[in-house]
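Chain lettering (A, B, C and D) follows the sequence in which the chains are written, and residue indices restart at 1 in each chain.
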């Protein structure tokens, strides 16, 4: 990550002024009007977009130099009944970390796979399928990664009762002192 | 007299080789700046393995292979003269010993092949490729000594080097001795060349499915193989020893040298080992043979 | 009188089998076995009886065609008859589903009969006639399966014809020089021949016999022919048919020319024997290491057939009693274990539906124990493990080489042994050991009629290994009959002045040695046998058929060995074929098709003849 | 080896062999395995006690289960334990095998190791130090002397109890019935090969 205060970063060359985040925000805003872009702090860029605009946003970011998809994470907004998918992109020469966010319905979560843009996304999508139950269309191998023959609610979802599961499966005696 | 020899020689061989095994673990430990097990640790291991309540086999070929392996080693031991003690050598000369040394690897290879484990098969293929590697210089050196002495009988070769140090094979055929010394770690299966039973890569190679009494047979066969190879080296190049004690002393020196290399060297890949064995040692052995031929004329 | 009866039974029996084939398959099979058995018994009865019988008188060359039986002839005849009988026995079951069986059995018996004819023939004309019969019928049987086998047969045929022409040339020049064709009577007129002429005769015969014996530069037909031929015939082909070349070599080098003449060919390093030995050494090393790279089981064995021929040549080229005894003994031993190995490969092919690729087989020892034991005995013989027959003959050859002061030749032979060990262990391991694939789960053992030859050959390997004195006695008789100094050998030991070898001591040592671990084995608790998939796989469950790990068994060694053993001789021959096709194409244009150009050619030719005649002053 | 031990050795050489030649199966289960290398190398030298890391379960008789045990690892542990030869001893290393440790309520780790595999000794601590292993080894010696280290006997006697527990947690575990050699492994339907 870029160390703003010392104006020095790992590669040793001094980054130019913080104009490129605004410049990026402007480029995204005028090409994708429905996409809300904010720059919370230098070196960070958040773009939220509805479900079907995500692929074009990722394509746009990728052509803008965000060539590395480091992770796809998921946030469970249980009371809003939605799952939020966050695609973390990183640009090497701009030293900017872009987050493309989108919301998916919680009851039957389905999403287009980004495997065509980033081949290695297959593993991230496989894990999200296993832990949150999100179905990615186009991902060839959504087989379980850690859990074998898992029945019931995917474990990372909020409505999954961890303690009850542990007690039933592994016979955990309840702790009395916490 | 030779009845005593037939009983004494194998017992001597097993005793010496088990002692060498204990020494090797102690010396390797001390080189790595740690105390290491007591000298009689191999005895403890053998007792534990023999006294196990359960042994696992993979069929008839698996058992027969191991019995043949140790049996072959014991048979070879009988033909090698040890400081004047050579009960059966009237029935077999150096060529017979060379071919008898094929029996143990064949038995082990059959047993490992029958163990239905890919690690074992990979171990066997490495062991045979390594054997192909070190046999070339070893054979050249053997032929050099045989043509120099004009006989194929090991007893005669050993006696010819008896009178004085100047008569030793080391002095009369130095290049051949050096060639065999270079490939000795490969023949003994010591560290730079122990890829056949590499614990990290192929889960101890040929020994992967050996447990309990099979491991005892394999360990004894390995120890006897070390004894045989070093005894051959002493008989060919270090004058064979007037009596048993000097013979064992010479074997100890050779084994200790091998141990030092074993303790400090990393393991090389099998392709590199083959290329090495066919490059410098073979060149030296070839030169040694040419020198012997030219001097012989 | 018996020889003519024997030979006619062998050849006419084949015709009878073909005719019987018309009526009933079982009758044909029974008759074939009967004929082979009768031939074997007949040859056995000939032991020790020097019979000579002139059976036909050629009017034009006033030469009498003679059949004779001497120890050398009997030795090879016995091998021919035995291997022939075993292969017929083996093919009763093996060939059950194939077509044109009448032709197959008849051809097999004719080949055996022809080989008998070669060995028993007393004069060069009948030798040549039977040689041609053998070559032709071999071509027919090699290309029996059609497809690639026809190409292999053609390649064999072309090289055999070249060999036969060389032989014919030699026979004619011998007849012109010595006036007689009877081999026994050739010995003393040849002594008076000039060295150059004798060398020419020897070289011509050497080409003919060398092609048949697959000596190094002339070996390229053998791997294709052996791997394409039907397994029982491969056993005959590689076992004894190829060794007719050896019979020829011994006959010509020691029967006709004799030691005196051989010594006159060059001196010291450049003598014929020494160069011939180096050809033998080359024939050992390169084919054996080529066999290391093969993945097809029969091709691997075929390359060993070429390699082992080198040991025999190394033996007889040494011209010492030890060497010659070793060479001839190795011919017999090789004939036994290579026939056994081809029968084993055939048995595996028979049961697994024609699979010969070593990378797809595995674990068959559990289902085919007898074949496994036969294979094990075969490879032990091929390697030369003590107590097998291969060891005894190799020991003699090495002893001859080292005692004679040829360490480099001995080195080539010893390195050949280690190449053999690696390649035949791959054959044994990939076929019989390791995990049994699902598709071979219900493979059964081969029927008894196929097991019988395998068991008998295995017994022969062990008996000749533990008592080498039996065959060496017969070989001593051969040496005496050829006028050489015989090698005196005990039943199982070698006299002290020759060297130190006592197979009974070795047997006792190995048996005693194996007794100790067996007792130790029995003292401990009984071990339980685990299932095939219950092996250590770092805790993971190994699904069936995913553990095929015998593919490219010596992968690391391939890169080092492959460049040195690429078959450049074969490539050279094919290059030669292309070039010659170009020339023949050009020659074809001469025949324009209209008559008067032909008349013109005739006139020109006559003018040329006249000019040459006048020029020479006829 | 002092004189006093000679009678004990002669009384039961088997125990003497089993005590001073504990070959540990080199099996890395959880986070605890990082403690093993210093134990077997120069710094702590377990070979003094006769403990050597062995590559295959066939040769090992001490099974050191180091750190938390996830479900997938439990399958491997059970198969490795079955492939070891009797007499075999299991030592739980760290607090996670004891009662789940800090993953006490996790959905993916087992909480009580001894429900699935008989355990002869425990070493508590969230990554105990190498000395703790030597203490455990010496305790194991006394247990072997007294004949109390009979985990493998318990496994064989109430084999169904262990099998039931194992099947409850890993219903599709391909497994060879221990001690009987018969192959009960069903071809696992879900073990799909990577397409």
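The rule is simple: contacts are C-beta pairs under 8 Å (C-beta built on N, C-alpha and C of every residue); 3 or more make two chains touch, one makes a residue touch a chain.
The model shown is predicted, which means the values in this text are computed figures rather than measured ones.
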Margin query: I'd like the most central chain, judged by C-alpha centroids against the all-protein C-alpha centroid.
Written below: B
Checklist line | Mean-CA-position distance for chain B and chain A (Å) | finding: 61
Checklist line | Computed distance of Cα centres, chain C from chain A, in Å | finding: 73
Note to self: Averaging over Cα atoms per chain, report the distance between chain B and chain D in Å.
What the structure shows: 36
Margin query: Among all residues of chain D, which ones touch two or more of the remaining chains?
Written below: 56, 58, 75, 83, 179
Margin query: Please output the residue numbers of chain A that touch at least 2 other chains, ranges allowed.
Written below: none
Item checked: Set of chain C residues in contact with two or more other chains -> 528-530, 536, 538
Next item on the list: Kindly provide every pair of chains that touch.
Entry: A-D, B-C, B-D, C-D
Item checked: chain B - residues contacting chain D, complex -> 25, 29, 32-38, 40-41, 44-56, 199-200, 203-204, 207-212, 215
Notebook entry, point to check: Once bound in the complex, which stretches of chain D touch chain C?
Noted result: 27, 56-58, 75-77, 79-80, 83, 174, 176, 179, 181-183, 185, 187-188, 191, 193
Note to self: Applying the document's contact rule, which stretches of chain D touch chain A when the two form their complex?
What the structure shows: 70-72, 75, 100, 104-108, 110-112, 115, 168-172, 190, 192, 194-195
Next item on the list: Quick one: which bits of chain B touch chain C in the complex? Just the residue numbers, please.
Entry: 6, 10, 50, 52-59, 61, 63, 66-68, 70-75, 78-79, 88-93, 95-96, 98-100, 102-103, 106, 109-110, 113-119, 121-122, 124-126, 128-129, 131-132, 135-136, 139-140, 143-144, 146-147, 152-153, 203, 208-209, 212-214, 216-217, 220, 269-271, 274-275, 278, 289, 292-293, 296
Note to self: Can you tell me which positions in chain C touch chain D when the two form their complex?
What the structure shows: 528-531, 533-534, 536, 538-541, 543-544, 546
